[in-house]
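There are two complexes below, and they share subunit A, which is joined by subunit B in the first and by subunit C in the second.
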Partner chain A sequence: MKRMLGAMLTALLVLSAPAWAWATNGMNMIGTGAVSSGMGGADVAVPAGCTAIAGNPAQLATTCNRVVSVGGAFLNPQMEVTLPGQEGVDNEFQLFPLPFAGYAQRIGTSRWSVGVGVFAQGGMGVDFNNVKNFNGADDSLYSQVAFMRLAPTVAYNVTDKLTMGLTAFAGYATIDYDFFPRGTQGQHVTGLSSFTIAGRLGASYQINDQWAVGATYTSESSMDLDGGEMRFNFGPGLGQVNYRDAKMDNFTWPRQAKVGVSFKPASKWLLAFDISWVNWSSAIQTVTVTASNPSTPVPSGYDTLTVPFIMDWKDQWIFALGAQYEINDTWTVRAGYNYGQNPVPDDTLNPLFPAIVQHHITAGFTYTYQEWDFDVALEHGFNTDQTNTGAPSPTNPFSGTEVSHYQDTVHVMVSYRF
Partner chain B sequence: MPRLSALVGIVLLAVLAWAVAPAMAAQGGIHWLDYDAALAAQKTQDKPMLIYFHLPYCYRCKEMKIKVYKQAAVIEKLNSEFIAAKVDVEKNPAPAKLYNSDYTPSYVFLSPAGKEVYRHKGVMGMESFLGMLDFVQSRAYRRQSLEKFMESR
Partner chain C sequence: MLLSAPAPAGAEGGGLTWLGYDQAAELARQTPRPIVLFFSAPWCYLCKKMQRLVFSDPALAGRLQKQAYPVLVDVTKQPRLMEVYEIKQVPTTIFLDLNGKPVLRLTGYQNRSTLGRALMFVTMGHHHRMSWEAFFDSP
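So, the complex of A and B:
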């Protein structure tokens, strides 16, 4: 049943494509949709229409009538991993589609607006081939963390100036990874999945014709990742053993708080600035993978394996700045900058989970034709280098490893108002 | 000589009044009437009527207020050439139902005889809105679309 529901949610996203992402503020996308992304993710006090489902739910009230939006992003990460004493290895070419689909409408002429959407919240992943494992043989490092959300949303115009919104997130997450599967202690883990529940409360206040403020609070999404399988390589002797039950504990999508302000210095200009806080320190600490139920007989003590990943991520502050200019009724252009602190500590850097990119610039435009909006945004995440400075130990096998990472993303969206 | 000075003074005052008239008109804003008052006004004035359907908390209506309705050229045009009715579709749903117009912002134009001649919806820029007013005032809707009319301007 769980897998069936997961498959249905996934089918809503994209036709079985690997719709999972490298995300860029930790594991989150910097923006929600092409308009938000074009402004560097500064969106909490900016009218959003349908994409408010994934942003500030209070902004759903700005849809005014009915709107349907379909689109997404294509993300191309560029990474290099350099293990101690080895040449650097680039990741395989990856282009991740990140779909968004949503519908929103005002209920009649009332103060209520409702909407529903499905979108990729974020994730991360690497695909390094021909990396020498700890036995000196060619091996691979691979990971894929995917998180999608179905988000019914409601917004209410409390007054002419104050709007409130609430989103209930029904999430579905999957994780697969390979940790040098051909070497001793190597792991090949597939099929970890979890449903999650979370909520987001948002508010927006229009101070006057020029100034507006907004805020959101998103609760933590606890995950119960199980249903997976692990192939563990014990090396000479026992060899590879398949464990039919694998689960992952202490991997959580963090709570987040965001505040922002927007300013219209002139009728055609809009400036926006957001500050976000993401509580990674509570969400990602020591992630533990437990495997049990081996498919072949194993010696006593090998029935259950526990593999800890000490990650101890830090809380993250994110600063987003965006500008929008309406050239005429048809064309609107945008630009933005986003800085998100690197949540990964130097002493626990793991090339399977290197969510380290910090600086992003964005640019975008909207072409409006009658009731149609065509939005496009380009996003570049500048290269970030990081080296694991922790002492080598069984729980820190990547001591001295260096990771470099930058990425480019194209966002597109089509909206129709009726 | 005093007569000449007086004459010059009168001319200067006239020029000044002519120069500041639009701004003075703009200062008062658009003379919005409620729907019933606008219908009554149309019986005594040979002008087309704009019925503007809005909601006070509609974001796109606020956009229209900022981008269009505060502009002097729009204020002058509407106040001098049109009867302007503003209908809150929540507080006064009857006109919205009559014209089947729950979309906000939207615009329905009536001829001086009270017949609906054109309608439009959505946020517009000032130039487009002024073009639409010219389109209705010149009765160009009888022979071409607004898009063609705007292209020919």
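So, the complex of A and C:
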């Protein structure tokens, strides 16, 4: 037992290294864990083990004893960007690890359950090489937004039917990007980071043996992204200047509300449906990058640079539908569908941050062997095309740019009950 | 060892007719058979899963019904039994021998195969001759 726990904790630490996501409900994953993802992210009224830490905290109360879960996802995005007057360029091959590790237990046979987990909440990133910059030279577009969360969670069975849960999120976000760094006005920004805090309140109510409902509310995670550096290319004359302090403002992780229902039409079947609202319009408006403290002397007026990215994302509605069938006490299979509205407006589409995929289908299974559960899910995000229809301007440099994006994700998880 | 306690007599458990604790004790006095105590709770997902997938199995349910007295104990309603049998977690399944003495305790989710072997271990008297672990690992 001790050897097994030691191996799991080692795996947890390894998997908890900074990871980058290309998430698809905006910047959020459609679900955390192979069970939730296998049902298309419809999980708010569905019993969960450790993954309730990243879902509905009230579902943590379905943990009967103690459980350790380790796993994650591997995400492979396929993107193409077509700048005006250029051939389309494919994204470089990327495979993003999205870890999850958690522990949960019920306090004896009391009404309290507790748990703690670390997981990738989401993010996004692109890596386009060999695109032409505004000077017509070969250049690159690159971005990585990563957001990890540590989440202590508590759940309480208020009555035999009503359960409440609360999660406190301590988050850590990082952002790097390259915006045509070899061209005039080009930027190479690294090391932006921020600690964040937020919370999630969840509830579930078992109406009867067939029907259950659930809901969660997640607060916004305000971010103070700073501590970065920027290399700005002024072109002929000043050339490239390194700024030792860079920060990003008006980029936050949004608040979210989610309601869901589950229904058991027969003893081995479970159907679930969730609706979510994500307040991107408040979280991502005009994102501003400010660079200061140049490492070399610059003319007056160049001490501080301010670079605005007008993004003005829209609020997002997400609909998730999932089904689960328990073939026997060893095998359980799942399938799901997830639709998340594209939060990126046509007139502000930016290929550095193109979180545009809308339709996903998923399938998965759980294999149970004694006290072990092995969960696997596959997720496919269908191709979405979008074109920037805004008028060209200094704050909309990607007017006329087209972006296409689809992706495949494999989710795996191992859980041990003891 | 057998105590009087509130009993959900005849509660249905997916193919298995559960007895109340008092009822099983009385039946065991009249016609001696092992008693199988299944400790559960309303919030216990694994308990419900066992009822749905394990105790609903016709073969296992039939054997339990014929060879033993199955008792469903809700720990939230029968805390005294939880105390007496020192229940620290649910699901827990305890097998009592013909004298009402606990001879096997299984904690956590159990599948059909394990419960079937456990029933054989107790009803065939193997618990007098070997440990549960040795019996479980034997071919």
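Definition applied: the second predicted complex is superposed on the first by the 400 of 418 C-alpha atoms of A that agree within 3 Å, B and C clash if a C-alpha of one lies under 4 Å from a C-alpha of the other, contacts with A are read in each partner's own complex, and residues count from 1 in each chain.
In this text, contacts are C-beta pairs under 8 Å (C-beta built on N, C-alpha and C of every residue); 3 or more make two chains touch, one makes a residue touch a chain.
This one's a predicted model, so the numbers in the text were calculated from it and none came from an experiment.
> With subunit A superposed, do subunit B and subunit C clash or fit?
Pair status: clash.
> Using the touch definition from the top, say if A:409 reaches subunit B (first), subunit C (second), both or neither.
Neither: A:409 stays clear of subunit B and subunit C.
> Touch check for A:62: first (subunit B), second (subunit C), both, or neither?
The answer is both, since A:62 touches subunit B and subunit C.
> Counting only touches as set out at the top, which of subunit B and subunit C does A:157 meet: first, second, both, neither?
Both: A:157 reaches subunit B and subunit C.
> After the superposition on A, what does A:396 contact: first (subunit B), second (subunit C), both or neither?
After superposition on chain A, A:396 lies in contact with neither partner.
> Going by the contact rule set out at the top, does A:221 touch subunit B (first), subunit C (second), both, or neither?
Neither partner.
> Once the shared chain is lined up, is A:109 touching subunit B (first), subunit C (second), both, or neither of them?
It touches subunit B and subunit C both.
> So which positions on subunit A get touched by both subunit B and subunit C?
Correct list for subunit A: 47, 61-62, 64-65, 108-109, 111, 157, 160, 163, 267-268, 326, 328-329, 370-371, 417.
> Provide the residue numbers of subunit A that touch subunit B in the complex, in ascending order.
47, 61-62, 64-65, 108-111, 157, 159-160, 163, 206, 209, 264, 267-268, 326, 328-329, 370-371, 417
> Which part of subunit C faces subunit A closely enough to touch in the complex?
Interface residues on subunit C, with respect to subunit A: 14, 41-47, 49, 52-54, 56, 75-76, 82, 87-91, 107-109, 111-112.
> Enumerate the contact residues on subunit B facing subunit A in the complex.
55-62, 65-67, 89-90, 93, 96, 102-105, 122, 124-125, 127-128
> Of all residues in subunit A, which touch subunit C in the complex?
47, 61-65, 106, 108-109, 111, 157, 160-161, 163, 267-268, 326, 328-330, 368, 370-371, 417-418
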